[in-house]
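Every chain is named by a letter (A, B, C, D, E and F) in the order it is written, and numbering of its residues begins at 1.
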Amino acid sequence: MADCYVINRELIAMVSIIMGLLYLVLGPLFGGLVTGLDRRISARMQGRFGPPILQPFYDVLKLFEKEQIVVRRSQNVYVYFYLLFIVFTGVLFFMGEDLLLVIFSLTLAAIFFVLAGYKGGSPFSIIGAERELLQMMAYEPMVLMMAVGMYMATKSFYVGDIVTSPAMPIMLLPGIFIGLTYVLTIKLRKSPFDLSTSHHGHQELVKGITTEYSGPALALIEIAHFYEVPFLVGFVFLFFGSHWLLGLLVCAAVYFLEILIDNTFARTKWQFMVAASWVVAAIFGFGNIIILSLLG
Amino acid sequence: MVLKSLFSKPATYMYPLLTREPMVGSRGSIVNHVDQCSYCTLCQKKCPTDAIVVDREKKTWAIDSMRCITCNACVDVCPKSCLEMLTTYSSSKTAAELSR
Amino acid sequence: MSNRTIIPFGPQHPVLPEPIHLDLVMEDELVVEAIPRIGWVHRGLEKLVEKKDFLEMTYVAERICGICSFIHGLTYCHGIEQIMNIEVPIRAHFLRTLWSELSRIHSHLLWLGLVADAFGFESLFMHSWRIREKVLDIIEATTGGRVIFGSAKVGGTRRDIDNEMLKRIIAQVTEIEKEMKEISQTFLNDYSVQQRLKGVGILSKADANMLGAVGPMLRASGINQDMRKLNYAAYGHIDWEPVMAQDGDCFARVEVRVGELFQATDMIRQVIEKMPEGPVDVKVTGSPNGEFFARTEQPRGEVIYYLKGNGSKNLERMRVRTPTFANIPAITKILPGIQLADVPMMLLTIDPCISCTER
Amino acid sequence: MTLAFLIMIQNLVLFLIGFPALAALILAGVPNNNFRNRLVWVFGLIILVVSVVLVVGFGSISSEMLSFHSKALEKVMFYGEWVMSLLILVLSIKHKKLAPLFLVVIQTSLLTWFELGYGHQLEAANNLFVDKLSLVMALIIGVIGSLICIYAVGYMKEFHEKQHPEIKDRRALFFFILFFFLSAMFGIVFSNNLMWLFFFWEVTTLSSFLLIGYKQNEESINNAFRAVFMNLFGGVFFAMAIIYLFLTTNTIELNQMLGLGGLVMLPVVFLSIAGMTKAAQMPFSSWLLGAMVAPTPVSALLHSSTMVKAGVYLLIRVAPLLGGTLAGLLVACVGGVTFIITSFIAISQSDAKKVLAYSTIANLGLIVMCSGIGTPAAIWAAILLVIFHAIAKGLLFLSVGVVEHKLHSRDIESMDNLIIKMPRLAWMLLVGMAGMFLAPFGMLISKWAVLKALVDANPGLTVVLIYGSAATLFFWVKWMGKILAVVQPEKTDETGISRSEWTALYALVTATIAVCLTFPLISRLMIEPFVFGSSTATTILTRGNSLIMIIMMGFVILFRFSLPKKDEGERIVETYLSGLNVDQRNAYSAPLGATKSFISKNYYLSKYFGEKNLSSIGVATSWLIVMLLIGSSLPWLV
Amino acid sequence: MTYLAKSPWIIHYDATSCNGCDIEVLACLTPMYDVERFGIINTGNPKHADIFLITGSVNEQNVKVVENIYNQMPNPKVVVAIGICATSGGIFRECYNVLGGVDKVIPVDVYVPGCAVRPEAIIDGVVKAIGVLEEKHTQMKKGAAKS
Amino acid sequence: MIEEQKLIEIIPSELVAKVRDMFVEQYRLVQIGCTKLPDRIEINYSFDKNYQFINYRLILANDKVEVPSVSSVYWNALFYENEIHDLFGLNIVGIVLDFKGTFYETKEKYAFATCPPPIEPVIKTTPVVNIKEKGKPQ
């Protein structure tokens, strides 16, 4: 028995390291592909033909061919660390570490991004940074509630435990699932919540946070966005525990829903965004937690 | 509407893979059938952007495509009807091509 | 200590298709002060009357603005015709009305797209412009140009449209109308759109009048005024009533313009049905001597051409006051008190055409 | 435990309580500023060293009772209390403040009646004690307190000589109170006799009162009286708690009371209320905001790092009794309401010290919440919070103090370009802020622990933490952004900051980072044994997680050193200003022919998170809860 | 072949144009022409752009703006003058307030004629511009290799 | 079909009073336009109410005459008045928001201040031909 246990632990450690490495390599590829698909589907929804699926990669590679221009020499360091912590977050997630730790690391990454906006020092990037903060303020509660809910459903904060748990957390956490899908729109920078920096050019903030970033630095930001996609989708996957096929299907469906929402809503103002996501978090997220704690 | 567009053919016309037949009467570029031209300089006078240069002596007629606003004034005024408005637009040039 | 942010908004800015600058003073995102600055499109083309004769000026008038090109030309010609007492053939009047309304549809669709883009509804922008391309096709087929029509002429029109083509236009317009219904549903009924438009940038009826607002801006504030009621061109021959809305907010302005889309298709049908046969122009002799304030209704509202001739080939004075110029005071007054996110949308609800404004 | 060992501890404890008081008297007697300043350095360092020695040398003890007795000392305390009451009485009459007058009369008469009536029976077996919590607190007081005293040397010089020549120079009094206060703080954490504890408690109230009024203008006097009023309010509850406890159980010792368990709910509730007033919890929070008029070292020492911690110290002490009871839940609710409301209000503030004050109240609220929950995990989290908060907040206050002197403004909006104007200070502020909320730093570890503790104990309360943290994030990051944003070139000028100020700042920066790196050690050696009774590895933060946090910490430290120093081939261009740039980098050509600079201010959202509305909501709610709390303990009275 | 060719991002500025060419530039982005097929995005931010599409005859007030935008674009970059006004000043050439042609202010790499320019012509122009862009990129690399 | 256009000539001193009357009667200020003629300067103040067009014509002997601003009556007049100031160099006093000559930053100051030259055929400049498209386009 004891032997078996040890082997099991070693196996788990190995699997988690392999998962982490796989993420390092495949994460951006997956993220880029999804982004490319996203752009193509969006274009189709708009009655256009759309760019090639590999377009996001072309964009990034092109940006590396460009000259580096900066406003302040130190500004790009913030981008490096944004990328570093996004990757770190993803590695933690795929290594099955503590979900709260993942969220904190993600927050840290996001803060580097915000600071990069401030560091840009142009009025538009600073307003972009303020808005990004508002966005963080809007989605943060729901994301934390997801972690709390996961713990209540599976008795563990560990991603590794959650995905191997035989229970399907979604059975207990339907409210949290809805809430998370809601704030995922913010996190994926989709209309109606693409306030701080939009994928589309036509925004009152020019390019928001990324206004002052160009060439290779912008490429790194793009790569960071690619790295972000797998674990954001992974959050959705968690709701299905070990039922991975169903999980993958729902992930695809949720992402498609996000694209659909992107194309059927006007961009909201920040007041509405914060209020709506807080209310959604309070009703669906917190309501779910309360019900669970009453039941349990 | 959005979903309908997703599952129907996009409205995109795949230029330059496909080229649309220019519409009849579309104002594209001016051409002079020089053999009929009498070099009367009427078109030069009427051209609002001075794009046309006619030399009576040397019998040359030239139009600067970077100046022509395709207003059709020269065609209207041409006594010999040798000027024609083509439906194809004049092509773009790089700086190198222009200076050549 | 006041926490006021000051940012330069424009002239180069992705939401602004044209250069205009606003000096925005904000608290958080609330605009407390907005000072406009213009002048990036000022060419001084009114001065060209000294160099170009009154017939050539038609080309200049058509190129004052690439969106309302035709109506500029028409207004200019209308003014000259009034001074010179030229009787324009009736068919030309009908053709002018037809093209005016086509250009109104194309302009309004363009505007709807831009405003959708300004409130971050990209797919709506795309769909509006997709439909607009179909209108442009009609325009190109009938005039030879997509945006600069080049068909206005003192004494009539430069081109005629044959009757077979007219029939085709009716069919095409009907099809376009169907597609416009779809997008107008979204504009008028979508929750997120309403959230952005309703109650934003309210211009009261009294203000609209006293700030000299014109066109849809004025009509959205509940004032019934449409220069087409002056019955220039063939507007006296068809049945129509100005489209109105009462609230004076951004939504009302969208409502008016959406209404005018369908009004325009209706007018096109009437015009084609009632189109008389006959010549499309008369020969113009002599030179204008006299003055006239020509007023017509552009998609953006009333445009006024003051033309003064002294009997020579060249006019003494051509002055153009375009609708956007008249609407700028109104927008300046209502900008303070809205959110930064609404600024582009607000600017767009006057449907600015800066190149007209500054000439 | 050998007797010699115990005596050594007892001597050190007595030294820590006695020496600062002695130092205070000496300092008060030195008229020469320079000489006094030097003495402050010496005394400060002595206190620092001794407290470190105590903790390092005797950190392994679990809990020791010290049966130290001294009739003389008790006399001093008895008369001392009278003198203090008299002082407040006189000052209240002088300034025509009726409310404090009223309270001080009640409190004094209560105590006099009690001492005169039962004085002979008030014998405690053990007047002092030492356990891990006391040691942790002593370390905070000793290290941060002495550093702040050292800082005050340079600060007060600048304060009187350059910044506020109009204010009367009473530095002798200032240092007297400061050191006397340290003495009282040590007294609080080592007292087992509740009468003693109460005496020291009142000393801190008085110190705070005198120091808030230090500037002696109308505003500071008013605020001083508001502070003393609220603290006396707590004091009355404290006194009632002691009296009731003695009358019903015949004990005045802390350890005995804790041993009685749920039987002594009323004194526990009353002590909690006293703790909440000192910790500036919501219905009583306004005094701490008013206290910000005092010179910065006062704000740092009394009103963020130590004195207010006395309030939560008391709550942590009684937390095991609160755990799982209705009263405990209500206390947690007060903390929760305070945390969330003040976090929101902090968003709308642009005065740096006010932001710090609100954040202090919020974090104290969190600690109160944990105490109310009272599970071991929650107490563990609470102690972590106390440690991390004291250091980081001390650092922040001290940095802001220096910045205020240099910029002549403590408005956050005036801190544009700080990163190039005063790079070292800016980095210190950044470290402090990161310490307050950012991932690998202390406060976040604590909040993480709080969250985990709450999930297990009462998932409903997590909502407070979750929303409050979102707000916290907002106001800190925007401040960080303000410091980092460079909108126009400016010269670096960091001169004129004294050695004493730099010493304290550098020490605190080191401490902030050090505690984050060593927190697993601190936790295992000091906190876990106290909370769980043994040094078992907790399930809350496993070693793996700690390791990850330390890796992250490494990254963040790396960040500081990865900033490019020289040209690396980038082309430097102007800021994007819609194409309107004119020659300078932040200027553009504006309407009316002007050339303007754009101005970027932070968002304050005062329409939504305004101080007025939210605090009235908070005060009303928390009063309601406090009323319920008192009500809930009444059945015990019957 | 570089990736510049696969993802040329454009910025468009209306320097004293009549709108005609501007709306045609915008029309290129819309479903009918959809230049995103070629990876073209209208960024609106000079710092992200590779190709500067400029319309209009450029008046006095615009000189500085156009220069600013041009300077804020990272190399390699290409300027495309769209429409007759931008190539030569067009019908407004004789106006007192226009310079007539973008090349009076910044070096223009591609000239696209038309009044107003047809979207197809703009696409042709951009394709030409991509050629120039790649050329400039090779030059830039050579320059970097030398130094 | 020609609309009726009323034209009333006024002098500078009566301008503000007349305009105020129009304001009271709730007329909309349609435009203010200036015309430079060889012997005089005309400023047209046009009003409209229910399609009734009324034009007040202010006649100035030369550009030195001070013109009172009507922007205190009709706020929107300031845009017209600034424009007139910048293009014609007229001295308009009391504009509520005076751009002081920065409304249009033109290359040539007061471009319209000169009267049209005597009528003669316009001399056309010889165009610089860059591409010669003889006959057919390539």
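One rule holds in what follows: a residue touches a chain if its C-beta (ideal position, glycine included) is under 8 Å from a C-beta of that chain, and two chains touch if they have at least 3 such contacts.
Fair warning: this is a prediction, and the values are worked out from it, not measured in the lab.
The minimal number of chain-to-chain contact steps leading from chain E to chain F is 1.
Of all chains, D has its CA centroid at the greatest distance from the CA centroid of chain C.
For the criterion of most C-beta pairs in contact, the winning chain pair is A-D. Farthest chain from chain E (centres taken as the mean of C-alpha atoms): D. Relative to the whole-protein C-alpha centroid, the nearest chain centroid is that of A.
Note on chain placement: the centre of chain B and the centre of chain E lie 21 Å apart, centres being C-alpha means. One simple way to say how far apart two chains are is to compare their mean CA positions; for chain D and chain E this gives 60 Å. The geometric centre of chain C is 27 Å away from that of chain E, both derived from CA atoms. For the pair chain D and chain F, the distance between mean C-alpha positions equals 70 Å. Within chain A, the positions touching two or more other chains are listed as 43, 45-50, 67-69, 123-124, 127, 201-202, 206, 211-212, 263-264, 271. Shown for chain E are the residues that touch two or more other chains, namely 13, 30-32, 34, 37, 42-47, 59, 61, 65, 69, 72, 74-75, 90-91, 96-97, 115, 118. Residues of chain F found to touch two or more other chains are 102, 104-106, 111. Of all the residues in chain C, the ones that touch chain E in their complex are 11-15, 17-19, 39-45, 47-48, 51, 59-60, 63-67, 69, 110, 113, 125-127, 129-130, 132-133, 136, 145-148, 353, 355.
Note for the complex: chain C touches chain F at residues 37-39, 42, 44, 46-47, 49-52, 82, 209-212, 225, 229-232, 236, 292-293, 295, 302, 304, 306, 308, 312-314, 316-317, 319, 321, 325-326, 328-330, 333, 358. For chain D in complex with chain F, the touching residues are 591-593.
Against chain A, in their complex, chain D makes its touches with residues 438-440, 444, 448, 451-452, 455, 458-460, 462-463, 466-467, 469-471, 473-474, 477-478, 480-482, 484-487, 544-545, 548-549, 552, 555-556, 559, 562-564, 567-578, 585-586, 598, 600, 602-603, 608. Chain contact summary for the complex, chain E toward chain C: residues 11, 13-24, 26-27, 30-32, 42-46, 56-57, 59, 61-62, 65, 69, 90-92, 94-98, 115-116, 118.
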